[in-house]
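Consider the two complexes below, in which chain A is the common component and chain B and chain C are the respective partners.
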Partner chain A sequence: MWWRSASFILDHRLQEDPPNNIASSSKEPDTLSTLSPPQTHSSFMAAADPFNPIPNPKISAYYQTRAAHTAVVTSDWLAQAQAAVGHHPDDSPAPQTQLLASPSASGKSFCVINEFNNWRKQPDLAEAVAAIRALAAVIRASEATTMMELEIELKKASDSLKSWDTTSISLTAGCDLFMRYVTRTSALEYEDFNSARSRLIERAEKFGEISCKARRIIAMLSQDFIFDGCTILVHGFSRVVLEVLKTAAQNKKLFRVFCTEGRPDRTGLRLSNELAKLDVPVKLLIDSAVAYTMDEVDMVFVGADGVVESGGIINMMGTYQIALVAHSMNKPVYVAAESYKFARLYPLDQKDMAPALRPMDFGVPIPSKVEVERSARDYTPPQYLTLLFTDLGVLTPSVVSDELIQLYL
Partner chain B sequence: MPDVQVLVNDFINKLRKRKIEGSQATSRQTAELLRSVISQTRVPYTNQAGALIDAVRAVGEQLIAANPVELAVGNIVRRVLHIIREEDLSLATAAVAGLGLSSVSDDEDDAERDNHPVLSAAVVAAAARSTLRPPSLQTLLEDVPDSGAVPHTSSSGGDSEGKSKSADKSSRSRKLKHDVIEALNELIQDITTCHELIAEQAVEHIHQNEVILTLGSSRTVLEFLCAAKEKKRSFRVFVAEGAPRYQGHLLAKDLVTRGLQTTLITDSAVFAMISRVNMVIVGAHAVMANGGVIAPVGLNMVALAAQRHAVPFVVLAGSHKLCPLYPHNPEVLLNELRSPSELLDFGEFSDCMDFGTGTASPLLHVVNPTFDYVPPKLVSLFITDTGGHNPSYVYRLIADYYSADDLVVQQRPPTAS
Partner chain C sequence: MDPRRASRTVSDPKIRQVGFFAPPSDRSFSGPPDPISTSTSTPNPVTTTANTSSPPPISDLSPSGNSLSPVMIPPPRHSSDTTHRPVPFPPVSPLRRDTLSLTVGSYNNNNNIIISSSPTASFYEESKGITVKASSVPASGLTTVSVVKTLPPGFTETIVEKVGGSVEMQNDLPANSKPLKERTSKAERRALQEAQRAAKAAAKAEGSKLPATTSGAVASANAKPTKATKPSSQKNDSATVASSEKKGGDRPPEKDRKKDAPHPRMQYDDKSRVEKAKRRAVVKQTEARNRVELFRHLPQYEHGTQLPDLESKFFQLDPVHPVVYKVGLQYISGDISGGNARCIAMLQAFQEAIKDYSTPDEKTLTRDLTAKINSYVSFLNECRPLSISMGNAIRFLKNRIAKLPLTLSESEAKAFLQSDIEQFINEKIILADKVIVKHAVTKIRDGDVLLTYGSSSAVEMILLHAHELGKQFRVVIVDSRPKLEGQLLLRRLVGKGLSCTYANINAVSYIMHEVTRVFLGASSVLSNGTVYSRVGTACVAMVAHEFRVPVLVCCEAYKFHERVQLDSICSNELGDPDAISKVPGREDINYLDGCTNSENLQLLNLIYDATPSDYVSMIVTDYGMVPPTSVPVIVREYCRDQVWI
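Moving on to the complex of A and B:
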């Protein structure tokens, strides 16, 4: 289930941290949040069970998954512990009654969250696609006989998915997109309910292909903007940006890439690995070295966790800083994002979104009196972005709200 | 057909030798040429729009290749393609609506038509509509039909059996060409009258006792200023001469003959005089999809000066100058270098610039670019024949005039990736 390289680097510090790190008291349950070994289950029951529909609300499951997929050294010992315990996420455990809405709904919400978790763990699959596939499974398993009933079931499932992880924007956006599609399909007056239902299932399954196709379209669109001899600064591990760079390398373009380290996930190390495999000259920088090297840089390329209504993006912590520096030095900032990441949010400042916290590891124990900023993401306003490459085409930030209005109104 | 081919080759030669000056003349001649191509194309009985689109694409590809820097050619080719698709779509929806009525009335004739009479009409119309719009979030989950599908769906929608169908089809075949040529005539009319439409808006933007700055000579700007003069606004104009062609001199002369107070300055003096100016009004060679402007050389400097002193920078452009492409490296790729003789006299400088003597390459290089790229953040307002717009609104105008399928005008299918 955890797709990782075979070299299993046990980080001693990570193992020692749970007893030593007293600052983030919730760190311990975090590291166990994605599995529930029976022996620790009783002590962390309220916080960290994956079959509990609502995980610890302080920790963002989305960013945990991302860290697991893209970071170099993470909780490997978790996988080891998991294997040792012999725990299989597909087992259906006893229902956790205190946190479920109702017994009848528990069966369904169970299904959805399970299904979603299964899909989500594949590293190449986008979060929104996993959500839509989970909702397709709900349709398949449903016993509704009219479109209205089906819609209501889907709405419940979608709400439970959204509340499971309130911090993931692409999850919310994916659910909303699918719900919107469902309501529009039912409006087309299909005489036969079964044919409508099978059409919905088929479309939802095709959506997974759209995700891969979207990445290729984005890669094609951005080829013209990468010229020979250019230097690209990349932040965070975005699969879309990696696809863009891969395609450019395959087209025999000569360019070099600066990767920021990307603390605390250290995604830059992973990305530089991938790029080195493609024979692209890569240089690693610590996050603070961005302004120092910005005058050598020709353009900045980032992905996005979500694109908001103003045309700004929500991305890994550090993106806003880089965009500010690039803007002040007149360097273009390009964003590569698929269209299903467009969300109906309008944050006015950094704190305007649901907080997405994640455990920060400083490598040394922090005294408990010292507060730690644990947010995993920031918001970059649209005036610092030059262009967005999406599968809908090349867009300027002002087009995003237009697209959203067309969809939702 | 051979008749049209001669015209096409003629036009391509003129484009290649840069004999046609100005985007308005180029657009008009391109539109007229494409009109003759369309009227001479033989359309098959089915999938007529596809045949027309192929014919226009074949010619359009050659035209664009002849002069890639003259973006107006590509713009008009894409406008024509969009017109063909639009006309076909409106005919298809009209036909389907008509057939929907007829199938309801004739339902005792064919039993299996009852299975999906209303459904096919609604679905076909929806699918056809979605092919014309650019890809959007709404169509993300629907089937993505291929580009040939617009005539396809209309013919399959029309395939629901009906005796009246064959009569409809023959009338439709004549109608499509006829409609397209009518729309093309309107387009040509729009191109020729764009100056008047823009000049009508002059009086809203130019107020009493203002000082306007412009550079070089643009017919649109001339008409704009004269229209305001006729409405009894009194204002003054600073004209920067626009080296090396010095067309500002001609503009100054024209303005004086129309009775406007004019001051002629050099390009270098723009920064010195900009603080006394209320507004900068210039023409453009082309407007790109992100709101950036390809303008005669020197205008980037004027735009920067205007931004520095908070002076509005207004660009006048007819809608035929609107290009759906995004510029990457426009200073190099969308620029043309003209002859050094405009700068230097070959007689005096022959020893510096001579390739023949001694050293392989001369020490003196002369670069004479034709165009400048003004980024969208420096432009305050675009005035087109449809009204005044923000640079960030340009994408909307493009969605109205162009289809997403036509951005790459190529005959051979693009290599799949």
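Moving on to the complex of A and C:
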């Protein structure tokens, strides 16, 4: 499916009018194309040192990263939460053995997790793309002499990445897709090792490049759906959705955006902030005002943590109810998601996935007898989604499974 | 699986075309001198009449091809009329006569539209008179329960009656066959046309074979006339060519279409074909007396009559191999039931038959063996209509036979085929079940209440495996008359220590609110996601959907079929009607004892039904868990050309 990526749209656009568009698009993604990871360390990241990557196993690392990247006020209460829970002494050995396993084979100090963490610090780089970059680096740094060795090494690296955070769907999916894309050819077995290895590296780079471009492609594809005078409801903070709206604003489309607040990490505030900078009219809603405002809304735009095999999405808590409300009022629900988020999961209902927990801040102390639902995401079944904008094109939910079948089987 | 994957991944990932695109025309099949077409379509002594009479577009590769399913239709109404006459039926007779004449009236009107251009109006008049006469007999075949009692002659009913009526006519008056032919339904006319065309083509093929016996490739009786005429003269075939051209229009060439088009199934209301099939039948089936009108296109037999007859014939010299014969008898008696069991039994019987097979003189293995398999298949089909999964297995086997390298010696070829069959059974059925179990178990959590309907081998394995894994769950087994297969499953599960609840399907809406997952088996999954399964499954799935309980269908991929079906009427199997009218061991509730022979009672015992894909949340196959919308992808990628392994 990667080789079918609709990146030609982007390329075409770039060729067509280089002067003004490149200027706009090259503002931010310059850092994306650099191959060496930037060495900036945010204060929060320094706290989570690479040899104990999961400081608190009860809190989803994926959402920590997201919080670090996207939330308005985060680091202090995250730090507090960490301090409150403290370290579990028995969870550190497992990651350490994995970490030892991958580099010790080559006897080098190269470590996937380190590499991954370095890449991950870029706020614009999705976690999966960071993982893809890290895995590509594994191939490059590998000293294996046979294909099998290399493959095993790669497998180990991807496994350790996946176990670094089991709650992140896009990380797992990205690693799996990378493995499928890079290693699935029997032709490799007939070539000599060096050419096969360079082929792998070449592919890994191409894969990383496509993944990087994905967001732009999606933004291009979705422009046809945003018409002048429309009202768009967005939920949470999604970099893809922001890119879509940014492109629409650049294209001089007239639209207004309703942002939900996105409790508990208030990601909606950040998005409204960003949109206000673009001079897009924004209205901020509390999460519970969705049904109240739905009759004014023309379409709902959401991102996704993961797109599952049924065609449904797993996304930030609240997406499901927004989709339900939109469905009952016959408003289209559009999902913007890069194809590296396609995961081989098939949840049947909400409780059918590993929960990603996150700290909840209610502002007041909660009595110990009161239970708190801390799950960070929900599953929206495909019948409530209208279309998925991916870098493979605009898909109906049922196509997701077709793509996955073609890729994995 | 491996060779297929290798072919897909041999080089770098390619651009894959999406949407509608024209495939390269020579990709999906081999050229004219293909051993398949030659071997399967050449008329051979065993099935000569069968092949020549079969309709052209059906290749013999199709197992359930209609030419293979003979039936016996007794002269329909004579016996029943005579048996019925003594039964007093007059109480409603004035009314009946009224309505009947009304029906006849509309029947005539209806026919006038069709017939008006017919040159044989006088014949028609005559036959109309006969119709009236026949209908004035109180209990003629024109009566059906629903129609006569309540309805003014509605349009659809009259059409149905028309077919019934015309059958009647022809049997009563063979002399009138010509005008009556005009009034046959469209399907019948078409069948007749096709039969004639096939016969013509066959005759020509025979002729052309005499001078050139070596080029057996072209002597295909089953091929469409256009193909058959290629080497020979065109003279008397221009009409058929023209007609087939007209029909074909701008569609892809012959072979393409033959491949793409789903082969029509035997329609049992098509009497010309049924007659032909009847002549070849080994199993003498007696037609059920009161056939259900809506299901006339399906075989409806008297049950329980054939077994002694067939058993007595067991030691006669017969074209059917004894092992196959045994399996056939086991099908009839119901000793082997369930999709997988039937399929495995059939394949093993074929394995045995292939082992004992030796090619006769002056014949090639591929052709003769295919013919043999065809005759076995038609025998098994007479015993009990083939399931879709068996059809797929047969297609696989025939494909294998056809693709045998010509260089192989006979013993090698036989060993090859036997190991192929073995592999099919192992990989596509046994291993597939294991994979399904592995996938489905991940969907069972502690505290679940799982509901299943009837008895499915795959579901049973899943439940047992989940129990072995120590998951804490409860099972609700829903069951229904008349087979009560769920009791067997219940017995086995309880024996293994699972906690079970047993309910009849009447209680399904009551029990459903406590259920968290529904696991169902399937006889087949069709291309539009429709699940074709034991009757009652659709009901359970619908109730579960209404209660928002996820429905998981467990089905091996070899049971997938590219056909599309929208209802459970056009293709189904009818069971023994007595099974639903009688409750064994309950003398006190046998209210229907005296009435089962009455004309206006039609007992319908359907075996399968079709569950729309809306009610299915997930299909668990050996290729993973997929939504029902992805069935066509699996069919396209893995079941194409029946490559399978």
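Just so we're on the same page, the second predicted complex is superposed on the first by the 309 of 409 C-alpha atoms of A that agree within 3 Å, B and C clash if a C-alpha of one lies under 4 Å from a C-alpha of the other, contacts with A are read in each partner's own complex, and residues count from 1 in each chain.
Everything below uses one rule, namely that contacts are C-beta pairs under 8 Å (C-beta built on N, C-alpha and C of every residue); 3 or more make two chains touch, one makes a residue touch a chain.
As the structure is a computational prediction, the values presented were derived from the model and not from experiment.
Of the two partner chains placed around the shared chain by superposition, chain C is the only one that A:309 touches, whereas chain B remains out of contact.
Shared-chain residue A:406: touches chain B and chain C both. Contacts of A:395 after superposition: chain B is touched, whereas chain C is not reached.
In the superposition on chain A, A:207 makes contact with chain B only, while chain C stays out of contact range. For chain A, the partner that touches more of its residues is B, with chain B and chain C as the two candidates. Once the two complexes are overlaid on the shared chain, A:346 sits against chain C while remaining clear of chain B.
In the superposition on chain A, A:227 makes contact with chain B only, not with chain C. With the contact threshold set out at the top, residues 181, 184, 393, 398, 402, 406 of chain A are in contact with chain B in one structure and with chain C in the other.
Against chain A, in their complex, chain C makes its touches with residues 6, 9-16, 18, 443, 445, 517, 550, 552, 617-618, 623-627, 629-630, 633-634, 637-638. Partner chain B is touched in their complex by these residues of chain A: 177-178, 181, 184, 188-191, 203-204, 207, 210, 216, 219-220, 224-225, 227, 247, 339-340, 342, 387, 391-396, 398-399, 402-404, 406-407. Partner chain A is touched in their complex by these residues of chain B: 118-119, 122-123, 126, 134-138, 140-142, 289-291, 326, 328-329, 376, 392-393, 395-396, 404, 417. By the touch rule above, chain A contacts chain C in their complex via residues 1-4, 181, 184-187, 199, 309-311, 344, 346, 348-349, 351-352, 382, 393, 398, 401-402, 405-406, 408-409.
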